[in-house]
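Order of writing sets the chain letters: A, B, C, D and E. Residues in each chain are counted from 1.
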Amino acid sequence: MAEIQIKGVAKSFGAFTALHSVDMTISDREFMVLLGASGCGKTTLLRIIAGLETPTQGEVWIGGRRVDHLPPKERGIAMVFQNYAVFPHLTVFENIAFGLRMQKMAQPEVQRRVNRCAELMHIEQLLKRYSGQLSGGQRQRVAVARALAMEPEVILMDEPLSNLDALLRLEMRSELKGVLAESKTTAIYVTHDQVEAMSLADRISVMNGGHIVQSADPVEVYRNPAARFVAGFIGNPPMNFLPARQTGAGRYHVAGTDVIGPDTDARIEYAVRPEDLTLTEPGQGLSATIRVVEPLGAHILVTCDVEGASFRAIIDSDARVKPGDRLNLAPMPDRVRWFDKETGLSVQ
Amino acid sequence: EVLFWSTQAQPVEETQKMRDEVVAGFEAGVDYQAPESGPWLTRAQAELSAGSGAVGVLGGLHGDLTAVRGGLADLSDIDISAIPAELAALGKLDTEQQKYIPWMQATFLMVANKKALAYLPEGADLNALTYDQLIDWAKAMAEGEGGPKFGFPAGPKGLKHRFFQGFLLPSYTGSTVNEFRSAEAEEAWGKFRELWQYANPASTNYNFMQEQLVNDEVWLTFDHIARISEAFNTRPDDFVAFPVPAGPKGRGFMTVVAGMGVPETAPDMAEAKALIDYMLKPETQLATLRATNFYPVVSVDMPDDVPASVKASGPAIATMTAAEDALPVLLPMGMGDLNGQFNQVYVDTFEQIILAGREIRPTLEQQAEALRALMDEAQAPCWLPDAPSEGACPVN
Amino acid sequence: MSDTVTAPPSVRKAGRWVFISGVVLLCVWTLLPIYLLMVNALSTPEEVNGFPKSFIPSFDLTSLRFFLEFEGVLNALWNSIRVAVVTMILSIGLGAPAGYALSRFDFPGKEVFRFLVVMTRAFPLPLLALPLAVMFLRVGLDDSILGLALVHTTLALPFAVLITFSLFSGIPFELEEAAFTLGCTRIQAFRKVVLPLAAPGIAASAVFAFVISWNEVFAAAVLTIKNRTLTAFLMQSLDWSPLHLKFAGAAALVLPALIFIFAVRKYLFAMWGIANR
Amino acid sequence: MPRYIPYLLLLPATVFLIIFFLYPFTQVAIESFTSNGSWSLANFQKASSHWKFGEAFKNTMLLAALVVPIQLAMSLTMATVVQKLQKGRSAILYIFAIPLGISDLAAGLIWLSIFEQSGFLNSILVNMGLIEKPILYLSYQSPWVILFAIMLAEIWRATAIMMVILVAGLGLIPREYGEAAEVFGATRWQRFYKVTLPMLRPSLQTALILRVILAFEVFAVVIALGGTQMPVLMSETFNWQFNLQDRGVAAAYAMVILAVSVVFTLIILRALHVPKEARS
Amino acid sequence: MAEIQIKGVAKSFGAFTALHSVDMTISDREFMVLLGASGCGKTTLLRIIAGLETPTQGEVWIGGRRVDHLPPKERGIAMVFQNYAVFPHLTVFENIAFGLRMQKMAQPEVQRRVNRCAELMHIEQLLKRYSGQLSGGQRQRVAVARALAMEPEVILMDEPLSNLDALLRLEMRSELKGVLAESKTTAIYVTHDQVEAMSLADRISVMNGGHIVQSADPVEVYRNPAARFVAGFIGNPPMNFLPARQTGAGRYHVAGTDVIGPDTDARIEYAVRPEDLTLTEPGQGLSATIRVVEPLGAHILVTCDVEGASFRAIIDSDARVKPGDRLNLAPMPDRVRWFDKETGLSVQ
């Protein structure tokens, strides 16, 4: 049982508040992904859970035990550090074995575990090297292997795959998920790669400026962002926002067309994902002027002007378009979302 | 300005007095420096081998000057008629030339805290003490006070070798070198071992007995007069000085001499010699006595206002030298570079017999060999109290 | 769910107390002897020789004043400072580049050099003093601040090389590489990146060089006559002086050194908390 | 990078040491191997056959063996303490560094004033009524007490330099490694032993070599507290050079000190070697 | 003029060869992206260009000048390090100003440039902090700003945005491109993010095991990989490969259907991108059994079994599929590629 409960945890560095009263529960065996802008406090939160940082306020419980005052070693955790922290004075093998040696594990078992984790991370041929002889991505994989070898109850991973190429990442990602599921580990995983987040997470928590903004399953977060921040943050590129002018109860005027929206008094915004747009006939949908065209492989990303606002759409790369062209973009109706202009919260 | 590079008057207070009260009167000006013997010797040797230097006058004990005799200029043209001839002869350092001019002299005395007199063995006369009485005295005191009150300067800088060479051995054997391994010598060391039982064990750290006298750690001791002066000067009424004890062969005592030489590299030879002349003036010699507690080498009239230490030691020295059984001992002569190793033989003997507790006879045999080898190497003829010899002074 | 708390705050508090008392103990251990020295230096000669001794000084300045009124004390102090500063500059100036080379390059002869440099310090100086003095007398370096500083540098240089070597080794080369790509020459990168980061190490070897020079007696006694250093001035004759003067002299010597260490102590910590993360 | 750069950097120090060390050293070394103008080992024979040689050698080694490990432990403790402190760090560092400024002559004097019969130790014991009469500690009859006093004085005097070097070295170890160790279940001690110490190796090496070499040259403190009772190699060197005035034998003694230092330096270099690859 | 020419550059670390005779030309003002698996030698190549590593062989020319023997400072380059190398003893401001100070630039100009770059990287409020007080992403941005402030002729960037969240990355990316275009800088940019590579690059060079495998414009690399390695490396997820059995001249049998292919004697493989597949009627296309379903937001990634081989497809997330379902996938015909089984090279 390794449920993690974070109760009203706050952290200030001098005058700067990195975390504002965070509440969060990660159930046993859950794979929780933390997403958030750079500097929003993800690392700080992990460090508090690990016991490397003392919270200014609040409590941390792991597996029903209050742990704030316990040293990291008694919390049953392992961690992958954002900057690896691979020991330079130890070989890769000894790095991975480090935690096991601390537990005075027998050599054959150490050997077995190290080899297994090294294989998992594709670094089995590097076991004799020192960290100074590794590339960035190799070092990062050592850091991950070191944490996995511990087979901890809780694993905290701070952007563990950020320096790997897409292919390896894809592979590592599914290996990770498999291994962690098998060992019934509760995981908190920080990433900035949304594909990774979507594909790994049982649940995604989105952080912003030291707050948790939404905590839900991946599809929900993607489809129904609880706040404008989440909508503008998740998705690559993220949702487009357009001002909406109310023309009647539940009726709005957006970028030249009339749309049906929620019946509310608040000033609200119209939002749609770039991939939820299709090209349509002139006269229909939102009319846009292309500014930039970026090829993405199978698709192209066009950045356009819609009523003076910047607006992105992803269309099939077969469409031969160039900057200056005019497009008509029709949103899929059930994919349109609305946000309160003041509170930033989603409006149904 | 003449640089007076001297091993004497090293205690800062004495150095200061030398500067302020003794050499200040020399017109050309004097820079009186009193380094430790290591730097003293190193610089002297360095200047001699470099062939140039800053030192005008070298001051030191007989032994110090011996070490640099090769580079000392001939001072025969200085008028030393006021100095007793046998003293002046020491300054020739076994050459034809006057290598150094005697500067001042001193000897060793016994000192007792007045509290110690209560334990003086019956029938013993302070002015005619014997070694046996000294032992009884130290013993009585140790028993009466619950701890040894006799002290002996056996520290690293203590002048213990002089005690063996000039006092203990001659008193028992009538000799310093010849009878080194005789039965009498064996007896002498046995007596000293007896005495040592009642000596404060910290003696091996004692360099200047005046410190232990002043802080009452020691009530009875033997030391160089310059090294007990402070006791009299700080607590004039608490101590008495008296002659050294006598043994079967008499009351052996040694006079030590300090001298002044001029290195051949002296920047201004004439001025250096002028300084030596100045140092020999009776007034200067008196001032030197006040500063260092070393006695003049020329005859002077003692004024009344001399320091307490001089007042105390003067009569004791007079009594000692005039004693019926007086047995004067000279400083080693002709040992040259081996002076130090000659002293070391006596120190080694002491350390092995007394401190390490080895047997006396075998130790004496072994050290006698070492001594003989040294004498052979130096080819030094005997000096008082040993009878003059042809060639190297023999160790029987 | 249980509320068991394995290490209650009281235990942590106890640990804290153990730590604090340990620190206090260590402080007492270093300070007490100094205090006793000061007690002796500030007592009358009688008190210094008396028994039992008082642990509170009577603040009698006779002994100290004896030294302070010594003719030329100030001059000697000034000489000492100059010699020590020149020694410091020379040993860092010559030693730091060597330490840097040893920590940053791999070249044939590296280990041998490091070893030989260290070995220069394993030979007793008093024996070297004679040939050195002869040399200095011949070339006219005798009795000069520079001459003495050169000898002291011989003593301090091996340590400067060694200390700077070990500390430069602790600074990631990558930071220097970054500086290279930002337009630094090696020297500039050293000055702008390595030096500030190595400040504590440089300060350590500077302090050490200073202290070595400050406390060195033998060479000072041989090589200086008119330009005596304070140590040569006071210390060479302390062995032969009465106790109270010994203590006063020692105190007079120790004090400036302590002031110096106090002055540079902040460099020992220069980059603390910044370099550390 | 041009290949000559490291040599260029070593040049000033090398030239300096050749002039001011190698030149005089060669002269002294030659002196040790010559006797009456011809090559011989006579000086070494004379030195080693003297009855104090063995004792001096033994005492020197014994002192180093007793003092250095304790100093190592203490300096590591002090450095760690200093690093741990949040408040008053620079004050404490200063206090710990104070003995650095104290010459060995002064240190000997200070400890003598504590241990001598009428010294501070006896004063306090008498004042507290624990003893009636002052005890004599530094007697030739109790060489172990002398040894102990010398040990204390040496430890007190010369731990600071090690501490300062280690403090500086510790400051350069990035905190992240300690944190990683902590997360991977290392106890305080393991963290120290498995991470801090290995990463501190260069500084440890320096501190140890420095300390060991100086330990073989102990002199003033030993003389102050032990008188002639505790001959050490260095005091014998002095004795032969200045009292017995046999420069050849003194030079031979110095060569022995050098040889001993060479051996131990090599051992330390070997034991604390950091492979090139393992440097950060 | 800052054309970079790399001629036969090789690099060995002891027995290990990190680069095998690399030849490459980056034209003046070109934006070249280096892609490659972790440990393939990207960083090593950059370091050789920068002058931080001496090549074991070969020559490096910048702007028509041979520079192998020149120190970094004289090569007119700036570099962003993979692990930042932000100076810990300087504030963010002084870090960014570092290179300018070296040039003895006047304070107002320094101020201007630092502020501009800091704004560009959104770190203007951190200028007074030390690196120890920054988050990972913030540190990385300082490293980028520091290089940009130099306004060098050549800028080398080693995964400069790897620790940033998607949104920020998107923004930084286009800012970067704009700034570098404006200042006419030649850029080499290492990334493992293919979207980034596609959208930034004038040209992409794909490295593998110390070799350059393909060097072409992004669409070309994506659409027409020169080698199986590139095909299997680029794309997220990458191309699918299926064994092809020749049934006649230019006719092949692949996973149960007949396909027309190149007329060659070599044994070749069939390849298609996951996103170039559409759902089709049973009986048509490749028949697949779903093993894993991963939501990606607008789409879902399905991993299937096709004739025992693993096969991925990206389909619209509206398709309600679950593991065990059978699918029929039709590849867009002009998107099918063929590779020689032996040489791994593309076959037309």
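We adopt the following convention: contacts are C-beta pairs under 8 Å (C-beta built on N, C-alpha and C of every residue); 3 or more make two chains touch, one makes a residue touch a chain.
Please read all numbers here as calculations on a predicted model, not as lab measurements.
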item	value
Shared interface partners, meaning chains that touch chain D and chain E	A, C
Chains contacting each of chain B and chain C, listed by label	D
Most distant chain from chain E by Cα centroid	B
Whole-Å gap between the CA centroids of chain B and chain E	92
Approximate Å spacing (C-alpha centroids) for the pair chain C, chain E	54
Geometric centre distance via CA averages, chain D-chain C, whole Å	14
Sites on chain A at which at least two other chains make contact	83, 133
Interface hub residues of chain D, defined as touching at least two other chains	1, 118, 176, 238, 241, 274, 279-280
In chain B, residues with contacts to at least two other chains	38, 215-216
Chain A contact footprint on chain E (complex, rising order)	13, 35-39, 42-44, 82-83, 133-138, 141, 158-159, 162-170, 174, 192-195, 198-199, 218-219, 222, 232-238, 273, 275-276, 294-299, 301, 317
Residue numbers on chain B that touch chain C, as the complex places them	3, 10-13, 15-16, 19, 31, 33-36, 38-39, 42-43, 45-47, 49-54, 157, 207-208, 210-211, 214-216, 230, 234
In the complex with chain E, residue positions of chain C that touch it	172, 174-175, 177-186, 188, 192-193, 196-197, 271, 273-277
Complex interface listing, chain E residues touching chain C	50-52, 71-73, 77-79, 81, 83, 85, 87-89, 98-99, 102-103, 130-133, 146-147, 150, 156
Chain D residues within the chain C interface of the complex	1, 3, 5-7, 9-10, 12-14, 16-17, 20-25, 27-28, 77-78, 81, 84-85, 89-90, 92-107, 109-111, 113-114, 118-120, 122-124, 126-127, 134, 156, 160-161, 164-165, 167-169, 171-176, 202-203, 205-206, 209-210, 213, 216-217, 234, 237-238, 241, 247, 250-251, 254, 257-258, 261-262, 265-266, 269, 274, 276, 279-280
